[in-house]
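Order of writing sets the chain letters: A, B, C, D and E. Residues in each chain are counted from 1.
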Amino acid sequence: MAKPVVKKKYTLTERVYLIEIIKGLGLTFKHFVFNVKASFRPGPHTVPTCWQYPEDRREIAPIFRGAHMLMLDDQGRIKCVGCGMCAKACPAQCITVKRGKVAEGEESKYVGKTYPEEFVVDLTRCIFCGFCEEACPKGAIVLGPEYELAQYTREECQLTKEGLLANYYKAKEEGKLKPPKKPVPVAASAEPVAKKAAAAKKAAPKKVEAQGAEAKGDAKEAKAKEAEAKKAEKEQKSEG
Amino acid sequence: MNWVIAIIKVVFIWTWCLLWATVMTWAERRGSAMIQDRLGPNRAGPFGLFQPIADGIKLFTKEEFRPKTARKILFNLGPILFAIPAFSAYAVIPFGDKIVIGGKEILLQVADVNIGFLYVLAIGALAVYGIVVGGWGSNNKYSILGGLRSTAQLISYEVPWGLALLAAVFVYGTFDLRQIALEQTGTFLGFLPNWGVFKQPLGFLIFTVAAYAEANRVPFDLPEAESEIVAGYHTEYGGMRLGLYLFGEYVNLYTLSALCVTLYFGAWNLPYIDMSKFLGPISYGIASFVVFWLKVMVFLLSFIWVRWTVPRFRYDQVMRLGWKTLIPLALFNLLITALFIQLTV
Amino acid sequence: MEVRRPTIEDWDNPGDLVTINIGPSHPAMHGTLRVIAQTDGETIVSAEPEIGYLHRGVEKLGEHLTYHQFIPITDRLNYCSAIANNVSYEMAVEKLMGIKVPEKAQVIRMIMMELARIADHIVCIGILGVDLGAFTPFFYLFIQREEIYEIFEWYNGARLTNTFGRIGGVEADLPEDFEERWRKLLPNLKKAIDETDKLLTHNRIWMDRTIGVTAFSPEDALSWGFTGPCLRACGVKRDLRKDEPYCFYDQVDFEIPVGKHGDVFDRYIVRMIEMEESIKIIDQAIKIYKEFPPDAPLMAKVPKIIKPPVGEVYSAIEAPNGELGFWIKSDGSDKPYRIKIRPPCYMVYQAFPELVQGEMIADLIACLSSLNIIAGELDR
Amino acid sequence: MGLKEDVQNTLGELALDFLECQGDLSVTVPKDKIVEVLTKLRDNLGFNFLSDVFGVDNSVFYEKLAKAKAKKKKGEEDKEEEPQGPPPPRFEVVYLLLSLETNKRLAVKIQVPEDDLVVDSVTCLWKAADWPERETFDMFGIRFKGHHNLKRLLMWDEFPAHPLRKDYPLEGQGEERILEYND
Amino acid sequence: MAFQAYGGEGWLLTKLEQLINWGRKRSPWPLPYGTACCGIEMMAALASGYDLARFGAERPSFSPRQADVLIQAGTITKKMVPIFKRIYDQMAEPKWVISMGACACSGGVFRTYSTLQGIDLVVPVDVYVPGCPPRPEGLIYALIKIMEKIEKDHPLRKKAAEIGIGG
């Protein structure tokens, strides 16, 4: 229970407050001069570490997970078939999808035979994890680059089908559509690719290289298998 | 005629103080921002210069709120008691030499009192009332803590402050601030400007440290230590009452800086140059005023600069520094000064 | 001497002591902590923390979500270093299922976790500075934190709550410009750490405020279940990265900083050195990463719907705050039967009354900030 | 020479049941002997660090297992034995131990029946058990005898239920906290 | 009453209101009530990278009496509700509330027994910021929205209506 008593041992420079304080003052002064100089530069981005948001925006990653959008394919057809996989995968249960049959004469609008009659994303609930995007077999729902989402009412935060499509058009116009995601190489079998044995540790780099080469072969197989698996899955889903 | 001039001087110096206290709030924000690699308020007016005005308008139109448990009179009195001494202290501090208009010599000082020095000491000690009354009147534990902290701190630092000033009085041999300013012309030891800081280096150091404590600035901002006792003595204040507190602080700073310049940095005197010799009477008056003001500004900026560099003391450490370090040092300084004067005169 | 713990009833009859309620809406209480302290003047006679103001029912929620869906929830435990939580949880599930994660994925996890560690320590030190009145280091450090966020963002599209990794691996390879970004960040990060060091470490005011404040003996620390930087500051050399190595931590070379007295200063120094060690680890990990071919597997083969066998496992990693463990009991369905999270700062914070007793109010704040209590994982 | 044997040797017949899962060993011991068991483990086997204490509500667990078994309908023997005779106790309290020297971990479990929700507190051995025991009380209603301050930890004091029990709905039962202020 | 004459579309009144609105708009002192993850992003918004201070929101006042905009960043649990409500009540008029992040807006992913399902059940909210957590840009955008809202306000006319003069 007794607390250890710590004896303070200061060097002379530490004992006299001023020396270290003056050093610190020097440091802050350097920053001050640098920033004052920088703040007279033209344009909104003056001080290099400060982004003046509305005028001068920080570059966001092309894969940034912002507001959702419903994707269209090259011919302008809605990719979504309304299967509801995204709603199932969503941890926050913020997606409501109602599937409807495509009426006759409207086939040119939709990719599949069914379409999302109603598609609502409750942005106030959404946690932007990106699981809907991963779950979607058609690549129809994508988290877009939009991050200015503030609204005055809760109702405005419900992203309906129109809103989702509007997000798509906006992103397309600005050229901010996500680049296609690279497939993740999957290990060929459930067995460990390379065991991290004690022997491996000794000659780590070499061994790693060897394993890497080994893995290369596996990876190709894996890709092929993955593609197959995906196909099968998609078929299953579109059926279901 | 004299009272007209006096009123003009009072009004002028009040507005001047107010103006620069206002600018100081802006400078504090922009300066801290520049130190911290950011921009600071730059949207209200050019360079954000109107920021203090916006703050003022907002505080003025904000709901005046008094907690139910607060003591009505004390609660209202607190900010006033805080702001008034800050303004009054400036009465005896000269803000320039003199200006001759139409053959009439006007001293750039509201009141040339020969015990101006004592007046400043007395008024400076009054500011603590504002804090303690406000803190007590709010009836909030944090506020009371803040008030108590500031009382202990101000009383503790009043002593070394006074002692340091006393040593300065030894050197100048007068209580008259104008006289002190006038004595700091010419050179000292042949090559240094004849400024107090060179005669009283230790005294200046003690004075500065004590001044930081008097002004409740970091590293001595315990009464309003944000992370410990929320907002200290003004936790319960909002609206214009808060504005008075925030504003009084800067006026206080201005007064302290002016005092420091008067005592230790040769008031309006430039080193090695005697302006009065080659400037006309009016332009000399203005020049002395400007020089004085520039010196004050340097000190004001140093307040900001230090604030954003160092951490905060702890309560007992403040006391230790005051009683165990500064007071002995000040006494020592007093002794040395006395000895020196006794031996040389 | 047994001191009666204060309760809220003491408000009305305080006696000689003043009862101060600190928090939950207090600038230094991170919004969600509350301490009821009895003070004699400024000295704390006793303090009683109250928690639960951010209890969001994560463990209960976990029983109603699938294994996969729980990953984003783990982000929100220790939100300063979400990635460490993700990985800890994923490793627990992988252990439960007996999955071996591909090595390249492990390296990526390691790099990201160390970045998260730096980000976490930056928050801790920055807030410690702010709470002690030194604002500027906070800003210097946060600029670099922003850059670290940028790295995260370009990796998988989120800044703070990354939802990093999947059960069985990671969801993406490092972006091509990762190393470039890291090289760009590195000198600035080092400079920011160095500047913080210059502004604080040898400053007498800072030393007075931190050295000897809330010192703790290693025996007490172990008895209270301390882990992580707080334990190391007490002088116990324990780090799961060395003691129970996972990922590639046994193949990289790094030091474990150890303090002496377990006071605020030691915690601060330990964190500062750990940041530098993390930089070292990342540098080495990038070297290992480069030895893998670009198409080396990143995911182990896991079924689409994760249904681990019946059983219960405990798996822990060294999160920035200490040992972060997940105990998962599975009943063979696609939802965990029970998830128990062992958050590091939960154990640290319960020793708080003992830590601050006899210190001053200002020390209470310093102590709290130096422990780096994150309400998200404290209350869950 | 495994950990299991060591524990078996140390505890003798106090060890009722062992469960091994992916290298994690857990041992079930009698409820009223928990302090004795933990003392033995601490002093003899060097398990000197208490990681965590928590409860588990097993009321649904066995049902689910039985259902899963019924679905299989293969007649294979499972590792888990079908509970015979009286139903197994509803609650379980798990103590996670760690040896700092050997870095081995051990889970010690006790079964707590619903009609006797009192367990001896282990705060006398490790102070670390303080809050976890309070939390277990809060979440499951298991009382710890000898705990110096057994109050609710995460929920407010007047909270009527024990939320981590399986019969408590996820979205709650509409409890609200009401505090009166006199200003 | 003489004041009644100014209750209409008076030029002076409008100008005065504009001035007041300008002052309020340019000096929204926030009360950063960061309870959870969003608090960290709010810190990022206050830090150098985005610098909320540019809008005059420099002085984070932790005393509710001095604050204008309550930034609720993070979850409000049911245990916290009375305290949160009290803080809101303590704030002096005029006051605005930003509900930052999914937890504050609607409870977000935490649809559980201990989480309040949206702070608008307890206090009126002016701007909702979805995101978990929103980017600092999102928060600044919300602040700009608050400013737009302030600009459209008629403080004097409201006051006049309150005390029963003017129209």
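What we mean here is this: a residue touches a chain if its C-beta (ideal position, glycine included) is under 8 Å from a C-beta of that chain, and two chains touch if they have at least 3 such contacts.
Being a predicted model, the structure only gives us computed values, none of them experimental.
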For chain C and chain E, chains touching each: A, B, D
Geometric centre: closest chain by C-alpha means: C
Greatest separation from chain B - chain, by CA centre: D
Maximum inter-chain contact count - chain pair: A-C
Approximate Å spacing (C-alpha centroids) for the pair chain A, chain E: 29
Centre distance in Å when chain A and chain D are each reduced to the mean of their C-alpha atoms: 38
Centre distance in Å when chain A and chain B are each reduced to the mean of their C-alpha atoms: 53
Rounded Å distance between chain C and chain D, as computed from the means of their C-alpha atoms: 26
For chain B, residues that touch 2 or more chains besides their own: 33, 35-39, 226, 230, 308-310
For chain A, residues that touch 2 or more chains besides their own: 21, 24, 27-28, 49-50, 52, 60, 91, 127-129
Multi-partner residues of chain D (at least 2 other chains): 154-156, 163, 168, 170
Residue numbers on chain D that touch chain C, as the complex places them: 19, 21-24, 26, 48-52, 54, 56-57, 60-61, 64-65, 68, 78-80, 94, 96, 100, 103, 105, 107, 126-128, 130-132, 139, 149, 152-156, 163-164, 168, 170
Of chain B, residues touching chain E in the complex: 29, 33, 36-44, 48, 50-51, 53-58, 60-65, 226, 230-231, 234-239, 242
Chain D-touching residues of chain C, taken from the complex the two chains share: 5, 51-52, 55, 57, 59-61, 63-64, 95-96, 98, 220, 222-225, 238, 243-244, 310-314, 316, 323, 325, 327, 329, 331-333, 337-338, 340, 342, 346-347, 349-351, 379-380
Of chain A, residues touching chain C in the complex: 1-8, 10, 13-17, 20-21, 23-24, 27-28, 49, 60-61, 63-65, 89-91, 127-131, 134, 143, 181-182, 184-196, 201, 204-205, 208-209, 211-213, 215-216, 218-220, 222-223, 233
Chain E residues within the chain D interface of the complex: 78-79, 81-83, 86, 111-114
